[in-house]
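As structure tokens, the structure follows; a few thoughts come after it.
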Amino acid sequence: MTKALYVGSFDPITNGHLDIIKRAAKIFDELTVVVAINTNKSALFTPQERVNLITQVTRDLENVACKSVTGLTAETFTQEKADVLVRGVRNGEDLNFEIQVAGMNQYLNQEVETVFIPANSKWEFTSSSLIKEVVKMGGSIKGLVPETVEVLLKSRLK
Amino acid sequence: MTKALYVGSFDPITNGHLDIIKRAAKIFDELTVVVAINTNKSALFTPQERVNLITQVTRDLENVACKSVTGLTAETFTQEKADVLVRGVRNGEDLNFEIQVAGMNQYLNQEVETVFIPANSKWEFTSSSLIKEVVKMGGSIKGLVPETVEVLLKSRLK
Amino acid sequence: MTKALYVGSFDPITNGHLDIIKRAAKIFDELTVVVAINTNKSALFTPQERVNLITQVTRDLENVACKSVTGLTAETFTQEKADVLVRGVRNGEDLNFEIQVAGMNQYLNQEVETVFIPANSKWEFTSSSLIKEVVKMGGSIKGLVPETVEVLLKSRLK
Amino acid sequence: MTKALYVGSFDPITNGHLDIIKRAAKIFDELTVVVAINTNKSALFTPQERVNLITQVTRDLENVACKSVTGLTAETFTQEKADVLVRGVRNGEDLNFEIQVAGMNQYLNQEVETVFIPANSKWEFTSSSLIKEVVKMGGSIKGLVPETVEVLLKSRLK
Amino acid sequence: MTKALYVGSFDPITNGHLDIIKRAAKIFDELTVVVAINTNKSALFTPQERVNLITQVTRDLENVACKSVTGLTAETFTQEKADVLVRGVRNGEDLNFEIQVAGMNQYLNQEVETVFIPANSKWEFTSSSLIKEVVKMGGSIKGLVPETVEVLLKSRLK
Amino acid sequence: MTKALYVGSFDPITNGHLDIIKRAAKIFDELTVVVAINTNKSALFTPQERVNLITQVTRDLENVACKSVTGLTAETFTQEKADVLVRGVRNGEDLNFEIQVAGMNQYLNQEVETVFIPANSKWEFTSSSLIKEVVKMGGSIKGLVPETVEVLLKSRLK
């Protein structure tokens, strides 16, 4: 029985994130999507809004749960009795950043292992920040985020 | 007849930008340099100042025009009846960022094609931000930007 | 009037190459695909076979011609009265190699300019060498190369 | 129940490989190490020798099996009823190569998913080829490969 | 007689920085660690606090001195009669940034030469910013920074 | 007193190598250029020819010596009583390879330290292999290698 955690800010969830969730849910027996609350960064959606959106768009995935957590991922890993952290990577630059975070997590908690799932090349250009910028400039993000997220983003950034 | 757009913030134009402009003007029949106005970012020079500087330093290049635009590059591409977007790249990191932006532009407007011109290695270390930082610290940027830009930068950052 | 050259070994042409050809043909007024004959490397198909395959799969693209050439690209550039060289790039590693080749070409012939077209992420994992390896191991490459190429490859590598 | 495959040439297995095996065996319920036989490449050890070495150095890992296979990994994936392919990555360059191979594997067999485990920085500089080169030049590789491998390598490359 | 400068913000010094200092002190006859004061950036520790910390943790290294400087590194290089600048690099991304800074320093002062020391892989995941973030979230950074720094960090970020 | 070694195949020396030699000779008190003889690789020039060429083009650099060596660099480091190994790097890819070699050298001999000198962007596109290829195809390499090397290369590759 293998339990994975997918930790991120998901502000908001994009179809790129959703693709990683679906593929991780297929690989691992259990997947918990964790909205990491970072009090040092301003966010567009509250933690609860983000959890609601993720829960809604993953409702068909039986082995996927979602929660929000403050504090260190290395501690959440133990609290959640996880076996592995999952992260998506698009290119060498993502990898350099993720190797640093994975190294720090394993330093803080020797049990923590991280695996990287290569992003589907279809979503290679998506990121929450670029999508929010396009919405602010009046662009259509249809197909880049789940519909419920699209509606909420437009109203929030009108 | 091939029309290219070179879109950026140009805050201000550097000799690295100017090198890309001259080479793109040689490759393509028509080149329009577009100062992209981003209301979410503070700039040192107003859009009009940036357009004036670019117009002045490219006055000898007959097939080069310059304007400032708010809004999405993907829309400007259609409004300007362009055939291609041009961007300069210095290294793998620039490329990762540019591939993401090019992917989003093509998603928003299927007609958009982007080509990358390899930066002349002579200007590999220049960027508007690093040049502004050097001026703030009293360094000489002679030869890194056109003279008119150098004079204006010094007075603005005195 | 802008004439581009797309120089490569094309041993054989893949759908990744064909995607670059179609997009370059859309950007530039004229495109010549040049099969570069490298006497130091063994090839699976003869130069003429490669030219025939390319000519056949680009027959609907009116502004695209194809020929094979021995000798330096920097010299072919002048002989063909080209304005620009076109190359596809998938990631930072491709870029490092291409920047080196572009730098040497411009050193040998100052007129040579090179632009890079970002590979369509759909074809990011294709390359002639990986496709040939898959065929040798009995895998199906349907959809990765034009059909005529698929048939010829299978018979050649049976 | 999650079954992973770790496919490679392992010519021979190094402590870097062994580290990935141990960590994958901890993450997944079952791990099969597959020695991929590539008839196009010359190898130092026979497939059976490589399987024997791997089997011996992983004997304490109950959920780890080892076998050699010719043919496509995408087919082995189905034959072995695997859930995921596992590969180690050290840097951006490894990732670019692995993303290409993972993309081809998923093209050949849609069920194939690949995850990358970041190499332990301790083994970042090891590779079978560099280790063989050091042995050929009389260097000591103590600690870089399991002892049995060290003994066999020295005798084979004397 | 070779004198090196190691210039950075060191806000605060980490064991990764200390590793570079020890190795540079072994390579070069003289090493001056320079705390670069950047009035445009907010810092956690004052320049004097940073100098005190560095002086304390390098007290056993006879050929190492420390000072803080405002102004351009290219000018400090001449004032300090240095022969070379030393910087640590962990991966390709660090290198791209460092090549840009080294290029600008050499443009501002032709005498400036920069050499890069590969970070010890043990400290590959450490950086002042990530360490401060972990402390803010209540994590233990024991072993990542010298003890005196650990104590001061905890009190400062309580 | 700091003694550096610059180890490579130099088959043949290029102006890119020479630039690294001149800059290393300026930084360090003593520099020995070591032609590493690799019996597993075919070379265009004999070790002695390479040493003669290097000796000739560095005759004005008083603190530079040259020799050829078989065997491990880690052992040569001790025999030559060196303080540091010097290597040139052009981009992230070079760095990944050099970090691996530096890691292995330090593993084989804990005393070995390696520093990287950023290649002058002017020579970023040069490499012995690319230069030999251009000569084979009849191209002019004037200015890319010292004149004596140019003459010898042309006659050898006629």
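A, B, C, D, E and F are the chain letters, set down in written order, and residue numbers restart from 1 in every chain.
In this text, a residue touches a chain if its C-beta (ideal position, glycine included) is under 8 Å from a C-beta of that chain, and two chains touch if they have at least 3 such contacts.
Predicted model, so just to flag it, every value in this text is computed and none were measured.
Path length between chain A and chain C in the chain contact graph, taken as the least number of steps between touching chains: 1. Residues touching across the chain B-chain F interface largely coincide between the two copies, over half of the numbers being common to both. Seen from the C-alpha centroid of chain A, the farthest chain centroid is that of F. Among the remaining chains, the Cα-based centre furthest from that of chain B is the centre of D.
Note on C-F: its contact pairs, compared by residue number with those of A-C, C-D or A-D, agree for more than half at C-D. Each chain gets a centre from the mean of its Cα atoms; for chain A and chain E, those two points are 34 Å apart. If you average the CA atoms of chain E and of chain F, the two centres end up 30 Å from each other. The mean-CA centres of chain B and chain D are about 47 angstrom from one another, to the nearest whole unit.
Each of the following residues of chain F touches two or more other chains: 91-93, 96, 99, 102-103, 121, 124-125.
Counting only pairs that meet the touch rule, the chains in contact are A-B, A-C, A-D, A-E, B-C, B-E, B-F, C-D, C-F, D-E, D-F, E-F. Of all residues in chain B, those touching chain C in their complex are 1-2, 23, 26-29, 83-84, 86, 89, 91-93, 95-96, 98-99, 102-103, 113-118, 121. Every residue of chain C that touches chain A in the complex is listed here, in rising order: 91-92, 121-122, 124-125.
Chain A makes touch with chain B in their complex at residues 90-93, 124-127, 130, 133-134, 136-140, 143-144. Considering their complex, residues 40, 71-72, 74-75, 92-93, 96, 99-104, 107-108 of chain F touch chain D.
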